[in-house]
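These are the structures, in structure tokens.
Two complexes come next, and they have one chain in common, subunit A, joined by subunit B in the first and subunit C in the second.
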Partner chain A sequence: MNTIVRQLLPAGALPFYRLRLADVLPWVVAIAAFFLFDTYMSIGAQILIMVIFGISLDLALGFAGINTLGHAAFFGVGAYAAGYFSLHVSPEPLSGLLVAGGLAALIGLLSGWLLLRTSGLALLMLTMVTTVVLHEFANSWRSVTGGADGLSGMETAPLLGLFSFDLYGKTAYLYALGVLFVVFFAVRIIANSPFGLSIRGIRENAKRMLLVGTPVHAKLILAYTLSAAIAGVAGGLSAQITRTVSLDLLSFQLSGNILIMLIVGGVGRLYGAFIGIPLYMLLLDRAAAIDPFHWMFFVGIALILLVRFAPGGLLALTAQLYARVRGRLAVNFAKEPQ
Partner chain B sequence: MNLASRMDALPAQPLSSGSSAAFAAASASAACALETRGLCKRYGAIEVTRNVDLRIERGARHALIGPNGAGKTTFVNLVTGMVAPTAGSIYLDGREVTLVSAQKRVVGGLARTFQINTLFTELTVAENIAIPLVQRLGLGWKLWGKPAHHAGVVEEAAALLEQLGLLPLASRRVNELAYGQRRMIEIAIALALKPQVLLLDEPAAGIPNGESGMILDLLERLPEHISILFIEHDMNLVFRFAKKITVLVEGSVLTEGTPAEIRADERVRNVYLGRRHG
Partner chain C sequence: MFSRFAISLVSLLFDGLAFGMILFLISIGMSITMGVMRVVNLAHCGFAMAGGYLTFMLVTQAQLPFAVAVPLAVVGTMLLGALLERTVYSWIYVQSELGQVLMTIGLTFVMIATANALFGSTIQDIPVPGALRGTFHLGAVGLPVYRLFLIAVSCACAVAIWYVLDRTQVGAKLRAAVDNARMAGCIGMNVKAFFAVTFAIGCGFAGLGGALGADMFPLEPFYALNYLVLVLIVVSVGGLGSIKGTLIAALVLGMIDTLGRYFLPEAGGLVIYLATLVMLLVRPQGLFGRQTT
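And now, the complex of A and B:
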């Protein structure tokens, strides 16, 4: 039946993310890094966690067009939930992740219901304020969150009862990679789905979506809740792997950083987080190592150059360059017979 | 002045001869597809819609005309629920929908197009059609599967695009298309909803006179059961297509009738030509 259906419309009329050979690349790189740079597993796991966080932001911002400067709220809530769960309920990591994702989703659902009636700058402000409120809430509720000291001393039980978390962070790295794999394919399925098409429609033109009978507000809430759940899982992973939770995880700075990292890679392209986040984090790491005093200056220069020459992010730049090279090749081939 | 000259250039008899008798018979019997009673909209001291009573019969080809600023688009915005009325009521297929949301009115069979293209410009032509189809076929909440593999979506999208002659452009992004083609997609999105009542806000707006034929062809081929209210400045289009015309001036209904009656009405001529000529 699919063949008949495909023949009715020209190729690429209803595009979706297909599995290509290039899709294997990020996973090969991640696994190669595991074997080649085994002393960098700690920063490796951090990068993988931030990639998960970046994918969650891409679902909200890139696909549904929800402008947010408060995504750290969900990361932080997930981290506190997993930390508290580990300290007081069970150190089992997978159930901890479910709790982290579930609580972040609940906060996403409630705040989304309230905030997503607004858009643009108002929404940007309100999402930012939500994070500030949660930050202050965590600061004051010392009995649960540890206040300014945060949570520490958590135990994380062996994964599936088999793989204990080692000092070098190898288990942590593979654990984060496994979670990233599941999250990425889940988001990919959602992006390809009829719901994915709907939220891209909302991003493009919310007014028209309403007038084709789409419950725009409800769909934005679902997209935001799913995104919050994934951010919560990323936060939960961070708590389980670093075994500390601090107020910084609910900071405006983290919301801003993840936004910058995603923009560096490319928004709404699914793989933007895979490109932007490792590059940005490695750039920060290297710049700080090379010049501990002026490193932010060099990062700033790099960002200015990027915005000037690749406003759509590195993925968009690569696509443009590829199209240009292909166009030039096509022209050359066309000229050849003459 | 341009409009006035167009009105003067019109043929003496409407092209749809005999339609007035058919219309009179229909209005006497069938229930209304859409009706407004005492519809008012006020912005502060300015009253843009004044006590408008309008009945769109089933299967109507009803034009709403009037000079600039007469409140035609506001009327469409009121009927579709994009703007809340200050007073009055709106009935869709006999059911009151005055307090029903814009989105629910669409589900109830009301669709509209916009005077200024309101499309999903970064998406492909087929995706622009698939968006309303996905919604209408109840797939809008489905988190898995692909629209490209859904037989219902693909078949309907292909059929609609073929009907409009847009099938070869299905893979193109809307922002790569010519203006006239975008106008067609504007209407196609509304048609994909299989509406009972279709409100067309200046379907030929911005299209050069010579090219408005393709829009007219499209309008003439629309299924008869769809009740259509259309706003249009191109009087050739209005008099060829409409079987009933309502003239709106300064927010209120000046007169209503068949094309022949409207053409003969001195007050309508005065409105379009300016009172000093009347």
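And now, the complex of A and C:
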């Protein structure tokens, strides 16, 4: 029984799955990067922020199966909320993050309640149009959002009143890493909870879940709201660390990019964001310096091939290869004694 | 005062009409492929771009007259569409909706990079022949001849599509294949070939839209992404697979967009997108789309 459950569910699916050595690896890498590449802290912090954003998308798309082309909406709302809060209320970063997450959650709750009655193509279109509406809204509500100029010039007060944000972005990097740590374990707990299992059931077969008495609509809204809140926190972090908020954060392109980065890593596995996003952003950083159009060509080809041959992303691909190699070895070992 | 307002209103409505008709030409192929083959084809605007660039190449490099270059470009786009339909799209068809979205976004990226490699990243103008330049005066209102020509061509296309689909046997077969592909196959229709031809024709219309509409939709590598949102809105508001819906949605969108830019430059876009949002919430299947489950 136990082995069957283990095979059916991806790693970390149930509470009795212990943390293994591999679970420590991303954090070791992140901390090692802090000491080894201390001149790349600003892109490091960007990557960590996008990983948080990716995890939030993974919760909605990978676990609840909500197809969305508009996740940038929540990132952007969070960024604007944190930016506005720091400009007009208080430069304290943690309360700013709470405000960012809270407002994004509110938008997620409202839009989820409205949009999640549809599915498939209509949902893809509606989430996309919602982002476009918010983009236009931010563009025209100049007194609050700064219109096309965005928000800038905000200060971020020292973290906990102790650690001020330095020029090299060291505090920013550790701040983002800390938030990522909290967010990751929160999502891990959510994904392993009974609620997490029920949204996975909805992803697999919504009709059947309805028949066994699951309040499908309500659970989807809750998952969407949680995901929106986390995306809002990521957006808030971005606003506090870069100290600017621009209209790009609400764009269709950002929604598409985060989706691509997550798909590259693997959807519905929690760790997909840890693989796909650093890989994509580091390669982009190098390639865009040479020629952005070459980059698009290779991303395009890679995307087509990945979806065709490895729909689970790089994580699933390596897991398959690993299983195949192990299977072959096991067979060889079994034969040897004879 | 009033007459001046009326004149500017008429010319704005005329521009909106031209804009809407081009939008219709580009969108109709996508609406049909999405309605017929259930493929979310985000690369569709890339075919419009291909038509535009082919015309540009034929007119400026091969020195062909405009009247020859445009039909050749349309045929070229159809061939490109047919080629891709037989190759990459056979992978795309079997994917889930999200997989289709990602694969066609990937294809769009490849198209953008290719267009940049071949034609550079600047905006390219397609020179228009002398006979189509100038303005046509109707009373006090001056209408650009080229836009009149655009509207005439697009109307002819709309009528032709409607006639073929609604009044001929080929159209009846296609509609049968849409309603029930398996049943249509059972009575001896080659559904796959039908769909491939339909796909190619849809690409051809997009190519025509791209070639003729280059003055309103400037031709540059990001063409394939820039107008995607607009085209997707037209297609989903009109209802997948509905010609009438696509036409009405394209015209209304073109009008509102043009008038909005003039009268409400601050909130013009917001009106369209909010209206779209509400519309799609009330009728997720679009204005004239059929309810699918």
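FYI, the second predicted complex is superposed on the first by the 303 of 338 C-alpha atoms of A that agree within 3 Å, B and C clash if a C-alpha of one lies under 4 Å from a C-alpha of the other, contacts with A are read in each partner's own complex, and residues count from 1 in each chain.
As a convention for this text, contacts are C-beta pairs under 8 Å (C-beta built on N, C-alpha and C of every residue); 3 or more make two chains touch, one makes a residue touch a chain.
Treat the numbers as computed from the prediction; the structure is a model and nothing was measured.
Participant: Once the structures are superposed on A, label A:L210 by its partner contacts, choosing first (subunit B), second (subunit C), both or neither.
Facilitator: The first partner, subunit B, only.
Participant: Looking at A:M128 after the superposition, I want to know if it touches subunit B, subunit C, both of them or none. Which is it: first, second, both, neither?
Facilitator: Only subunit C is touched by A:M128; subunit B is not.
Participant: One more residue to check, A:L69. First (subunit B), second (subunit C), both or neither?
Facilitator: second
Participant: Should A:S193 be classified as contacting the first partner (subunit B), the second (subunit C), both, or neither?
Facilitator: Touch partner of A:S193: subunit B, not subunit C.
Participant: Touching A:A148 in the superposition: subunit B (first), subunit C (second), both, neither?
Facilitator: neither
Participant: When the two structures are overlaid on chain A, which partner does A:A323 contact: first (subunit B), second (subunit C), both, or neither?
Facilitator: Neither partner.
Participant: Given the touch rule stated above, what does A:V182 touch, subunit B (first), subunit C (second), both, or neither?
Facilitator: In the superposed model, A:V182 contacts neither subunit B nor subunit C.
Participant: Report, in rising order, the residues of subunit A that make contact with subunit B in one complex and with subunit C in the other.
Facilitator: None.
Participant: Residue numbers of subunit C touching subunit A in their complex, please.
Facilitator: Per the stated touch rule, the residues are 34, 40, 88, 91, 95, 97-99, 101-103, 105-114, 116-117, 121, 221, 225, 228-229, 232-233, 236, 240, 266-267, 269-270, 273-274, 276-277, 280-281, 284-285.
Participant: Provide the residue numbers of subunit A that touch subunit C in the complex, in ascending order.
Facilitator: Subunit A reaches subunit C through residues 61, 67, 69, 114-115, 118, 120-122, 124-126, 128-130, 132-133, 136-137, 139-140, 252-253, 256, 259-260, 263, 293-294, 296-297, 299-304, 307-308, 311.
Participant: Under the stated contact criterion, what part of subunit A meets subunit B in this complex?
Facilitator: Listed in rising order, the residues are 1-2, 5-6, 8-16, 189-190, 192-195, 197-198, 200-201, 204-205, 207-216, 219, 222.
Participant: Going by the contact rule set out above, which residues of subunit B touch subunit A in the complex?
Facilitator: So the residues of subunit B touching subunit A come out as 80, 82, 102-104, 106-107, 111-112, 114, 118-127, 130-132, 134-136, 139-151, 153-155, 157-158, 161, 167-168, 170-171, 189, 192-193.
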